[in-house]
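Shared between the two complexes below is subunit A, which has subunit B as its partner in the first and subunit C in the second.
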Partner chain A sequence: MNRDEALKIVRELVESALNGKVNATDEMPLIGGASALDSMKLVEVCLALEDIADERGFEFDWTSEAAMSKSRSMFRTVATLAEEFAQQSQVSA
Partner chain B sequence: MGLVEALTKRWHGVSHPFLIHENQAVAFSDLQSAELGVLDEVQAGDVVALIGDFEPLAIATLLHLIDRQAIVVPLTADTRTQHPQFFTAAQVDVVIEGASVRRIAHEHSHPLIQQLRVQQRAGLVLFSSGTTGQPKAILHDLSVFLKRFETPRPALKTLNFLLFDHIGGLNTLLHTLFNTGTVIALKTRTVESILEACVRHAVEVLPTTPTFLRMMLMSGLIPAHVPASLKIITYGTERMDQPTLDALCAALPEVDFRQTFGMSELGIVRVKSEARNSLFMQIGGEGVKTRVVDGVLEIYSETRMLGYLNAPNPFDNDGWYNTKDQVVTRNGFYKVTGRSSDLINVGGLKFMASEVERVALAYDGVALARAEGKSNPITGQHVELTVEPKGGQPLEPQPLKDYLNATLPAHMVPRRLKIGAIAVGHRFKRL
Partner chain C sequence: MIVVTGASRGLGNAICHRLAAKGERIVGLARSIEGLAFDAVACDVGEFASVKSAARQVKGFGEEVTALINAAGIASMNLAVMTDAATVERLIQTNLMGTIYCCQQFAPLMMRKKNGAIINFSTVAVALALKGESVYAASKAGVEAFSRSFAREMADFNVRVNCIAPGPIRTDLLRGISDAQIEKITAQQVIPKAFQAGDVCDLVELLLDARADSLSGQILHVGGV
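And now, the complex of A and B:
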């Protein structure tokens, strides 16, 4: 999966989590005070990414100790999460 | 006086059968004529795995093994794949199944088993049905375990729902033997076969688990197929939920519902339900004390096990056992609200998995529910819920999600919902 495809997936999931009321941009923050998503919605986005990864035959790891150590950067913006998702798909491929 | 001799005296002149096994009446005297050549292989102090069920030969073998000061490990064929693991954990010397017997050579000698041998006392090893990790081998001194049965108590006609390898099943058998009652033993334990046996044998007491009772409610067989003879239904070994108990009380207004609270580690403790429709219970009995520490029930029991054979001693220095059951207290009665290990913490907000399960079970079309806390780096944990639909009927996820969203506080709403089968073990407990 390339970065653009991953970006499309993450943007759609974020917009869906916000009930389609917001257009997700690449630089949209996912955590912190400026984020439109609350923490539970972000968990839902990650679980949906897990499911999509499963359908495509790879594992999206966002809960292991290794993943947690980079979680702050992974969840910074739509783009950083998409980059991580694309990267994990390539490592597993 | 040996156990067989003592029981023979109690059954002298009693004409009714002590056991109905596969619809055949078995008199206590029939046990004495059982062919027990397998016992020739057993020496005092041997650890003996006895694979069987509540059938005459296995019961006769059990009683005679106790008299031979063996350390008995009752097992069922249902757990056969785990037997090698059980034999190792219990340091089994001899395996008996029906008329076959074999000896297992090993070099182990656990100090607690050795202690029983020195004291020339019979023992009992039971296994915890732990869903995670290795089942624990629980060693009891049978001379202590059997003491409670010496006090005469009324014995009703009881269906032995719990199994040969379970403390509740053994309790029913021994209670019946000591008090000259009748126990009905079945090979198949479906809702249909159990209710049919209750009708056929005019059963008065039916010991069950909450999982079985939920299946019974869904079966559509109650109240029509419940006989008037049935006076008491007991439930235990896992947590009951109030909606299920309410539905049962409404469907069977003549039946007294009583909660049991057995922990293999503690022996049998006496329990009294506050009312038939109440989950509050009083726990006590001779040599039993209770206390609550940080919301968790702790029990002291004089009939507690000697210890685990494959795990550290769980008792504190004064003999108290942490049940890990979260309880609330009302007028000296306890209600179990969940396991302390089932505590879920979402962003610092703590709740029990059972609270989510209770709400899910109240949704029409849900038969079984299991909620779990899963770790994540964002909120610490989140809830994932698996539900099993009633009677294999389709269950639409979106309306259920909408219902959970509307009913539960946001932090308790399951973030992942799976619809599928929830495994139920041979003891009718969710796995």
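And now, the complex of A and C:
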């Protein structure tokens, strides 16, 4: 999976989690005070990404140290989450 | 499918047998799984990587996980000043960290389906502040605090989290504890009698039952305190 495809998936999931009321941009933060998603919605996005990964035959690990680390968290923005998702798809392939 | 930790011995093993006898599909987690009469996955709950690997294997079974029972635990009855650092770390690592790791790794399997129940295990030693059990009680007090907050985090996903706090139950965990010591503890319960593993299994069944859907974030003391 390339980055653009991953971005499309993550954007759609984030917008769906926000009931289609917000357009998800690449730089939209997913954690912290500026995030439009609450933590539970973010978990839902992760579970959905895990399902998509399963369907495509790779494992999406969103509970790793890299995921949790504040400074380099994959959840910093829509783009960083998509990059991580794409990267994990390539590692598992 | 119901996942039970500490499945090879004590309460965990009794719970596995009780639920299996009721026709439930059980997957037991234990460090040693040889000879178990139900499906089992080797796992040291105190090791994050081991728990993560076990969760991956359970997920690989492709069946819906409806409950997680965190029965794995160790005890060391001694004065805190007489307890060596390695034992302190082992108690905290297995009892508290093990429960947290398992909840972290197995809860998502239930959150996805918006259905599930988690049962963690504490002890009457927390509520009664039992002398000679301070480190053990501290590890279990952490489990209680974690369970109450975690229950709120899981509520949006329709996953209930409760905690059973038994008094002294005659299992491997209490080897070396005299009958007199057990009587002294049970005398402090609301119902001053020695309950058995079967009584705890009854409570597990109750918490897994759909009729317990209104219960979450609760600490249930066997015998009452």
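Everything that follows uses one rule, which is that the second predicted complex is superposed on the first by the 84 of 93 C-alpha atoms of A that agree within 3 Å, B and C clash if a C-alpha of one lies under 4 Å from a C-alpha of the other, contacts with A are read in each partner's own complex, and residues count from 1 in each chain.
Rule of thumb we're sticking to: contacts are C-beta pairs under 8 Å (C-beta built on N, C-alpha and C of every residue); 3 or more make two chains touch, one makes a residue touch a chain.
In this text the structure is predicted, and so the values were computed from the model without any measurement.
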Which of subunit B and subunit C A:67 touches, first, second, both or neither: first
Touching partner for A:85 - first (subunit B), second (subunit C), both, neither: neither
Which of subunit B and subunit C A:75 touches, first, second, both or neither: first
Partner contacting more residues of subunit A (subunit B vs subunit C): B
Partner chain in contact with A:40 - subunit B first, subunit C second, else both or neither: both
Partner chain(s) touched by A:59 [first = subunit B, second = subunit C, both, neither]: second
Subunit B/subunit C common contact set on subunit A: 40, 43, 46-47, 63
Interface residues, subunit A side, partner subunit B - complex: 31, 39-40, 42-44, 46-47, 62-63, 67-68, 71, 75
Residue ranges of subunit C in contact with subunit A within the complex: 52, 56, 104-105, 108, 111-112, 153, 156-157
Residue ranges of subunit B touching subunit A (in the complex, touch as defined): 346-347, 374-379, 382, 410-411, 413, 415-416
Subunit C contact footprint on subunit A (complex, rising order): 40, 43, 46-47, 50-51, 59, 63
